[in-house]
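Here it is, the structure, as structure tokens.
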Amino acid sequence: MVPRYSRPEMVALWSPETKYRIWFEIEAHATSALAELGIVPKEAAAIVWEKGAAATFDVARIDAIERETKHDVIAFLTHLAEIVGPEARFVHQGMTSSDVLDTTLAVQLARASDILLADLDALLAALERRAHEHKLTPTIGRSHGIHAEPTTFGVKLAQAHAEFARCRARLVAARAEIATCAISGAVGTFANIDPRVEEYVAQRMGLSPEPVSTQVIPRDRHAMFFATLAVIASSIERLATEIRHLQRTEVLEAEEFFSEGQKGSSAMPHKRNPVLTENLTGLARMVRAYCVPAMENVALWHERDISHSSVERMIGPDATITLDFALARLTGVVDKLLIYPERMQANLDRLGGLIHSQRVLLALTQKGVSREDAYRLVQRNAMPVWRGEGDFLTLLKADAEVSAKLDATELESLFDLGYHFKHVDTIFRRVFGEG
Amino acid sequence: MVPRYSRPEMVALWSPETKYRIWFEIEAHATSALAELGIVPKEAAAIVWEKGAAATFDVARIDAIERETKHDVIAFLTHLAEIVGPEARFVHQGMTSSDVLDTTLAVQLARASDILLADLDALLAALERRAHEHKLTPTIGRSHGIHAEPTTFGVKLAQAHAEFARCRARLVAARAEIATCAISGAVGTFANIDPRVEEYVAQRMGLSPEPVSTQVIPRDRHAMFFATLAVIASSIERLATEIRHLQRTEVLEAEEFFSEGQKGSSAMPHKRNPVLTENLTGLARMVRAYCVPAMENVALWHERDISHSSVERMIGPDATITLDFALARLTGVVDKLLIYPERMQANLDRLGGLIHSQRVLLALTQKGVSREDAYRLVQRNAMPVWRGEGDFLTLLKADAEVSAKLDATELESLFDLGYHFKHVDTIFRRVFGEG
Amino acid sequence: MVPRYSRPEMVALWSPETKYRIWFEIEAHATSALAELGIVPKEAAAIVWEKGAAATFDVARIDAIERETKHDVIAFLTHLAEIVGPEARFVHQGMTSSDVLDTTLAVQLARASDILLADLDALLAALERRAHEHKLTPTIGRSHGIHAEPTTFGVKLAQAHAEFARCRARLVAARAEIATCAISGAVGTFANIDPRVEEYVAQRMGLSPEPVSTQVIPRDRHAMFFATLAVIASSIERLATEIRHLQRTEVLEAEEFFSEGQKGSSAMPHKRNPVLTENLTGLARMVRAYCVPAMENVALWHERDISHSSVERMIGPDATITLDFALARLTGVVDKLLIYPERMQANLDRLGGLIHSQRVLLALTQKGVSREDAYRLVQRNAMPVWRGEGDFLTLLKADAEVSAKLDATELESLFDLGYHFKHVDTIFRRVFGEG
Amino acid sequence: MVPRYSRPEMVALWSPETKYRIWFEIEAHATSALAELGIVPKEAAAIVWEKGAAATFDVARIDAIERETKHDVIAFLTHLAEIVGPEARFVHQGMTSSDVLDTTLAVQLARASDILLADLDALLAALERRAHEHKLTPTIGRSHGIHAEPTTFGVKLAQAHAEFARCRARLVAARAEIATCAISGAVGTFANIDPRVEEYVAQRMGLSPEPVSTQVIPRDRHAMFFATLAVIASSIERLATEIRHLQRTEVLEAEEFFSEGQKGSSAMPHKRNPVLTENLTGLARMVRAYCVPAMENVALWHERDISHSSVERMIGPDATITLDFALARLTGVVDKLLIYPERMQANLDRLGGLIHSQRVLLALTQKGVSREDAYRLVQRNAMPVWRGEGDFLTLLKADAEVSAKLDATELESLFDLGYHFKHVDTIFRRVFGEG
């Protein structure tokens, strides 16, 4: 976790304070469940709740105990006993440490998902607003970095919206994957604890009971979760890369917002660099990388080993904090993006009309020219334009074989931009629904 | 693709013959749609279907044309024109190569998913059968590779069943992700083709229309698909690793089936090695690795670049063929796994009763001993047993502080295996439903 | 392995024929060594060499035997016995299968390295030639995709040369890593074979003896090898990305060679796309991905498990074949790259002189202006130019505060390109040595 | 960076204080070089050194300035000017931010390498000591987790020593890769700074001049560095996995040291878990994962983009801190490992002599039995032993076909452990040199 790439709400979720508060809630709910089942005294559960809810857990004190016992949950329970008093002996009955640890991780990842879902909602809103703003702003569509045919800047943003809407749906599914509760004892047999305790705690903590746990919640769930974050990061990289391209000196169709006090370079004061989207490109690499160890964590030995733990202590915070930051940063970039329609038009006009070659090709075939011949006719007029030797429309008009099939008026109509935008409404309806 | 790790049905899906057949179907359906819209003659569409359906596409011929044109779709269309005749000029009207290529990949990945889903069904069936067979076969549960508490072999297999049932659900979702159709033209604006053509073809090919394509179907879909395969591979690795552990000389609770003619080692004829599950461990690494380039493919430049193509030519077949093979191999391993209940019992008995220490601990606290004291009492009797100096039950009976709280009968009842299995029905009900 | 991304020499290296030939050589050399030590009859070794050298190993026959024995080396030895006759019983004495398999892999990877080193030499030669050709061709240097200061196209290529020269040195080191021989028996103790056999075979096969093998050569060596290929692939991606950028419509400073018959797009005949370098970008992703399973292969269990084998059957050929193809393709691209100096000059001139802002800044500070003030002066003249409102030199001359420090002549001299190229000789000397 | 997996010396290397101190040294050395070249006054350089060396850089103050300027190097230079006074204007002359940043990263990675090399030396020393201690302690060698032939525990550790000695050599090479200095200006042309400044600073900072930088040091160097760390991590995983296996309940040939106050489990007080080596397994996954984004960083755009920066802010500290911690932890584990020779002997004896089957096979073939027949004879006596029905030596003696070739004395001699250890001296000499 690098502070400059972090936001406070997500950081707080991974603090020791939050963790111990969740531990307490799980232990206290389990004690309540045991009390309901008549296994521990109801008064004991009440005292645990009363004293625990009022207490602030002393992180330094717990650390000190852990240094001695080398066991974090025992350290916490010892501290809890200091707070609660003798009734503390009814806490953690029949449970094992992983019941607490794994359920806590589930709570943290579910809450992290909620923050990320809100991030995605904000991003989607920004994309939708800017897409409508530029629904019909003409811009050149590029394949292979080469001018292809016209599209609109709104369609570009609609594409990004559709992509992040998919990311949102994936994250909802990933959240459901990891939002499970395990209170099943040392190897998951419920030998010392009634399955109803697990159901009780799950319900109170907003989780589902894990169908079969084996001391731990199975790690294929977490692998799927982090893989989903990795895919979202890849979509961030895509939009960031698009903006970086658009901000190139030679293209300059859009720019990241540039505030007054900001200096682009210590050496070149005129420079306005797409540093935010470059940064997002790097952050995406990190979030993507975290999915590999998450997948390697799946094959724990037998009912569990603890190799996953150090991985998750790192990627739990690192992946969610970084992705939260990246989504928020990207939303800011989209929201304030400087968009230059006149530059888009200038670039559109740069190729002397060559971008309409496909239409000409089609029109020729519709006039009965074979595809092979039409291709040849178009290409022989396109190549001089490509070399800067003339304008495509003029050359076509002057080509006898072409003009035998398409008269001047027909040819001119093929150079109309509106032709390309007639289905933008359809696309917008698909992405944003009616309206 | 390594032949020894391949099965014919999946290999055939990725053959040039299959590919060209799908290309033809897409082109022909598109021509039909254009005919319905009155853009091309209905007779032309009929002839395309008639001649194309009857034809065998000549892969060598198409390759020869491609060597000249350096463009695969043009090569195919040229060959199609040789088959269809002059009506071929109505084929591919307003389409771009990627309309064909990307939709074809969608069809192939959807069909690959169907094969993989059938593989998973077979694996789930094998797991369910063996789980019920050993529902109450006692075996030691292990955490950290160390004996923990008893469980049953059926519960182990139920866990695997639950995990692969999740994998199945994920694959269904992943299939939906990639089963989309794009017939949207050079930059996805439908400039030269009516969106109804896309809807028509999608419906005929069993796909959904892609809401916004940009010459290509967006690659976040494919990233999610291959990430899902990678998670499934990780679950394969988990079960394979479990079996490898169980087959260790010192454990030997289960073995891969060993046929008569098979030789374990050129040097050590007594050896029976878990070579299938070791092989699966390696194959899982490969399928997992393929998700990284799939994620790197997402950030294509602008409306598309073609960097994804070489990646997909490799991982499309490699990931699906390898996973298909691995699932089938794992199913065979599970189906024929040699399971040794008497060895499981012998291992259970190995620790002189120490595996019941948690129950003793709990019983002591229920008798009013503080958790700290109970822990101390259990540990001081456990340590000699661990060193091989006596039997846990005997030592506990002889410990005055313990026997003051728990008499001999009570202690003996704490060593009953049935205690651990009382909720196996619950677990099975969660995994397999009623029954 | 995808045929279109393969070259025959490297493919042949991974054929069964080559593999069995190497197996034979290792077995035969080992038999010779045993004969020298007086363990087997010298005549037996002679007959093995004589009959084996003359024979063609029948791949189909070996496959058939393997289907029965499920063991590849036993299958080969059985077939060898069919060829050699009764003396075959002196072959493989005291050896284990992995002695043959691992040493063979070492030979294959060493030979693959030799091919790759030759590929790198060809690439370095092409880069050196083109670098000298354009040693002083002015072009704009770009950071963040934004114009920075002038450089030369030769310096760009010199950088690539220096990078691939490092790659070459790394590959030499990686080759040494994997070029080791293990003939050490079932767990590496030489129980049944004299270490001198290993030394003998190593020397004959051009390898070093592995200091400690444990049935297998340790896989950290292979991990390092494939990691090195992955880094080389990343450098390929860098140069490919550079060329893709240069070929963009708006930049167009260089283009991949475009042959006459080639069609850029089925739809847009004017398009000339950087498809080779886009392809290289994708291939680089694949070679990079293969290093992860190679690293996961390191932690084999105890003296060995066989999980690495399926991985290496895939990545051994796939990584080396793909990298060989990619290096050769990149060499072709560099060799025939169309370079447009006049476009480079036009782009250099595009920013109205802003690229000289750093020099102006420096000159002002050298005249005693504080860095802060100089920055402010430069920036206030740069911003209008950036907005297309004037020429930088003209504005600076008209700025009273600037002209108080730098007169017109001084200002003009700051806009001289030669100023930037005065150390190109130094850079070339560092990269190419004297000249 | 997770505090519990961190050691102070490496953490301090990545602190802002250390970073700004290195920045200062680079800037001050560059100023000295400029003074030597007569470009800035010698007195100015002297004052910079004098005031800067005495100062403590105020991290909070620099942060505050950066919040305004959004540029870290400008923020530092502004703060430096506050300390140094007017002579500060001679600092950073002709340099660009990356000159400072990249050279600083080189210094940090070189120093990190020195710490890691010392870690490796400590690990190698521990391995050497324990290897000699158990040079002739018999233990079973295992392939596929199955008993193979005897080896010694010292040979196991010698293998690990040889592997980490290779890791050390790789790290020395990786350190040389990244220990370069770039002071070459905005696009690496030395337009505004003499190459001799770079040479001067490089020499003073213990680095080599970068042959061609392009504002940045090329990232293939860093990719190779982090790939090397990833390979070292994989070797850590291998040794950690070995120890985890040895500590399994059924094997129990070695254990991590277990201190008095430590509790293995909150629920099962008898448990002694290999938690340190499991932890190392997880940490290895993380260090390995960091190499993928490092490789993705190579393909920066043109002369540089800044996408690598966020990656390196994370993996620079994370990879080196984690690997430092892991190496030190592993050294502690090896140093204090509890080794149980009597358990190793008991496991050796477990298979009723089957581990000698290879020797029997060999002896039969040396008596003239064909390999096929010998295999059959050995296997038919091995199988009953494997099923627990008898002792291998007894059965062989009773087998008429066997005893016709090998008499009782000969058979007994084949069961001698010393036979397997006769080349241990050779192995140790290869690994540890004379002794």
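Letters A, B, C and D name the chains as they come in the text, with residue numbers starting at 1 for each one.
To be clear about the criterion, a contact is a pair of C-beta atoms (placed from the backbone, for glycine too) under 8 Å apart; a residue touches a chain by one contact, two chains touch by 3 or more.
It should be emphasised that the depicted structure is a prediction, and the values quoted were computed from it without experimental measurement.
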item: Touching both chain A and chain C (chains); value: B, D
item: Of B-C and C-D, pair with higher C-beta contact tally; value: C-D
item: Centre distance in Å when chain C and chain D are each reduced to the mean of their C-alpha atoms; value: 24
item: Distance between chain centroids, defined by C-alpha means - chain B, chain C (Å); value: 33
item: Shared interface positions of chain B, touching two or more other chains; value: 77, 92, 142-145, 148-149, 185-186, 192, 244-245, 263, 265, 267-268, 273, 275, 278, 281, 288, 292, 296, 301, 305-306, 358
item: Interface residues, chain D side, partner chain C - complex; value: 77, 81, 88-89, 92-94, 141-145, 148-151, 155-156, 158-159, 162-163, 166-167, 170, 173, 177, 185-192, 195, 209, 211-212, 214-215, 218, 220-221, 223-224, 227-228, 230-231, 233-235, 237-238, 240-242, 245, 281, 284, 288, 291-292, 295-296, 298-306, 358-359, 362, 365, 370-371, 419-424, 426-427, 430-431
item: Complex contacts: residues of chain A adjacent to chain D; value: 1-2, 4-5, 68-71, 73-74, 77, 92, 95-97, 185-186, 192, 244, 259, 261-263, 265-268, 273, 275, 278-279, 281-283, 285-286, 288-290, 292-293, 296-297, 301, 305-311, 313-315, 318
item: Residue ranges of chain B touching chain D (in the complex, touch as defined); value: 140, 142-149, 244-245, 247-251, 263-265, 267-275, 278, 292, 296, 347, 350-351, 354-355, 357-358, 361, 375, 378-379, 382-383, 385-386
